[in-house]
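Pasting the structures here.
In the two complexes that follow, chain A is the common piece, with chain B as its partner first and chain C second.
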Partner chain A sequence: MSEQALLGLADDELVLGWRDSEWTGIAPLLEEDVAFSSIAQNEIGHARAVYELLAGADGDADALAFDRKPEEYRCAPLVELHLLEWAHTIARRWLYEVADEIRITALKDDSDSAVAGLAAKIDREEAYHRMHAEMWHDRLRDEPRFRKAVEELWPYAVGMLPEELRPELAVRTGLDLPSNTVLQGRQRGSHTEELAPLWEEMTMVRRSAPAGAQW
Partner chain B sequence: MVGEAEVWEALEEIPDPEIPVVSLVDLGVIRSVDVSNGHVRIEFTPTFLGCPALEVMKRAMEEKIPGAEVRVIQDDSWSTDRITPAGREKLRAAGLAPPAPREASAPKLVQLQANVFRCPYCGSTKTRLENIFGPTPCRSLRYCESCHQPFEQFKTI
Partner chain C sequence: MSSSPHSNVFEVFRKEKRGSAFEHAGSVVAPDADFAETWAREQYGRRGESVALWLVPRDAIRDVEDWADEFGLKYRRVDGYSIKARLKEARERAGTAGPG
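And then the complex of A and B:
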């Protein structure tokens, strides 16, 4: 897989981890407060591992994670959306996990053994995120509010994957692939207006203490 | 001059920062120890990638064995199956149910919901899943219907 594609994976996990952590302390159920916090921690851990792989032994993974400008990030618009509403949040988690499983499965066969090995490790942890997403999907699938959220976010989920992996996503979710017009602005390569404020907050410590913050 | 056996002994004295009843050796995170020409090289495989204990473990190894080179291996070689029998027993005695063996395919929700996980306090398998996630990435939360005790279950990966 290309470095740009790996960077896309790391940026997705970092930004979604950030978004998921926004539920810490305010999730509608205590159990979900714990779940979202733990999932966020895992996703950011995956991002870190991929940044470290890309940076190499002597490189700086933090620089890769935090020193780029918002427009230089390779994350998909799906993960950028600021969704403090439960139906949309669960719809995104479900769509993301289905798409991510397709991507990670492909990566496990990567010709670079370091990439394939890390993908296999990430996959083991993601299995628990998938269970969580499936559990909620099974519970909410017939709720109109949830269906509407899935429909709204579906083009964004498609835009997360390269074209060759999209048909499989359509099969797994049972949804029809949207037209190119609908996908415009919702695919990787584009960014939403919601990324810049997230970036401001996420990189604040790094920018205010370039030599490294001391706690 | 330090030998490999001494390095393993030293590593056995380093507790897991979050579950201090088990050592790094009990946890199976030390993949190899190599000593050549006085140079100590330790290959270390993280448990969960987002676990904040990893940095603490790495620093503890470098402090305990000065001059040691600790290489972090980020592949699929660590599994909860690598926790030693002694480590599993220490977990159970501390009220943390040891992980079920890893299977060929990824664990499924129905398996976690099944009545096969044993309560570390009373031994009953009449336990139910409360939350897939817990206070750290490696744990789920369960509740024992027999002794009415909530407990933490080590996740299988």
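And then the complex of A and C:
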């Protein structure tokens, strides 16, 4: 897999971890608050592992994660959306996990053994994220609010994947979607207006600290 | 969902390490066993503090909390039978010193 694609994976996990962390303390149920925050933290952990792999032994993973300009991030527009509404948040989480599983499965067969090994490690933790997402999906799949959210987010979800993997997402989600535009997504590399404010907040401490500060 | 006020409560027992006994850890409120498992995994397992969990619907638990002791059968209880004085007497008879 190309470095750009790996960076896309890391940026997806970082930004989604950040977005989902916005629910900490205000999720609709106490138990879900703990679980959702924990999953968000795991995603940021996955991002760190990929940044470290990309940065190499002497590199600086933090610089990779925080010192780029917003337009240089490779995350998919799906993860940038500011969704403080539970139906959309859970719909995104579910769509993300289904798409991520397709991506990670492909990555486990990568010709670079370090990449394949990390993908396998990430996948073992993602199994619990999928369990969480599927549980919500099973419960909400027939709720009009949830269905509407899934339909709205579909173009974003499909845009997470390279074109050759998109049909698989349509199959795995089992959604009954209008056929002609189904695989046209919001392209990775293009950004929503919501990324810049998130970047401001996410990199604030890093930018305010003198270079080389230790935490 | 049934009408019991506790039908959505799952009691969580956790095993800290292999070979140790399950101990009550707390509870989760969840609409079904799948939600209970997902939430309990995060609340009672994400820091590696458990090697196994039991989830038990509270409604499956039989409460036993009333005890009759009308005749004051104190000697049946561990705190009702003082061995200290008897031990002292026995030591004196045997001529051995007590500990400290």
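What we mean here is this: the second predicted complex is superposed on the first by the 200 of 215 C-alpha atoms of A that agree within 3 Å, B and C clash if a C-alpha of one lies under 4 Å from a C-alpha of the other, contacts with A are read in each partner's own complex, and residues count from 1 in each chain.
The rule we apply is simple: a residue touches a chain if its C-beta (ideal position, glycine included) is under 8 Å from a C-beta of that chain, and two chains touch if they have at least 3 such contacts.
All of these numbers come straight from a predicted model, not from anything done at the bench.
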- Look at where chain B and chain C land on chain A after superposing the complexes, then choose clash or fit. clash
- Go through the superposed model and pick first if A:85 touches only chain B, second if only chain C, both, or neither. neither
- Message: Taking the superposition on A as described, I'd like to know which of chain B and chain C A:3 touches: first, second, both or neither.
- Response: neither
- Message: With both structures fitted on chain A, tell me whether chain B or chain C touches more of chain A's residues.
- Response: B
- Query: Between chain B (first) and chain C (second), which does A:53 come into contact with in this model arrangement: first, second, both, or neither?
  - Reply: first
- Task: Could you say whether A:139 touches chain B, chain C, both of them, or neither, answering first, second, both or neither?
- Result: second
- Message: In the overlaid three-chain picture, which partner chain does A:117 touch, first (chain B) or second (chain C), both, or neither?
- Response: first
- Message: Between chain B and chain C, whom does A:34 touch in the aligned arrangement: first, second, both, or neither?
- Response: both
- Item | Contacts of A:45 with chain B and chain C, given as first, second, both or neither | first
- So, does A:125 touch the first partner chain B, the second partner chain C, both, or neither? first
- Query: Considering 2-10, 74-82 or 146-154, which region of chain B has C-alpha atoms that clash with chain C after the structures are aligned on chain A?
  - Reply: 146-154
- Item | Touching both chain C and chain B, counted on chain A across the two superposed complexes | 31, 34-35, 38-39, 128, 131-132, 135
- Item | chain B - residues contacting chain A, complex | 48-51, 74-79, 106-109, 112, 130-137, 141, 155, 157
- Spell out the part of chain C that touches chain A in their complex, as residue ranges. 28-31, 34-35, 37-39, 41-43, 46
- Given the complex, residues on chain A that touch chain C span 29-32, 34-35, 38-39, 128, 131-132, 135, 138-139
- Message: Per the contact definition, I'd like the list of chain A residues that touch chain B in the complex.
- Response: 31, 34-35, 37-39, 41-46, 48-49, 52-53, 113-114, 117-118, 120-125, 127-128, 130-132, 134-135
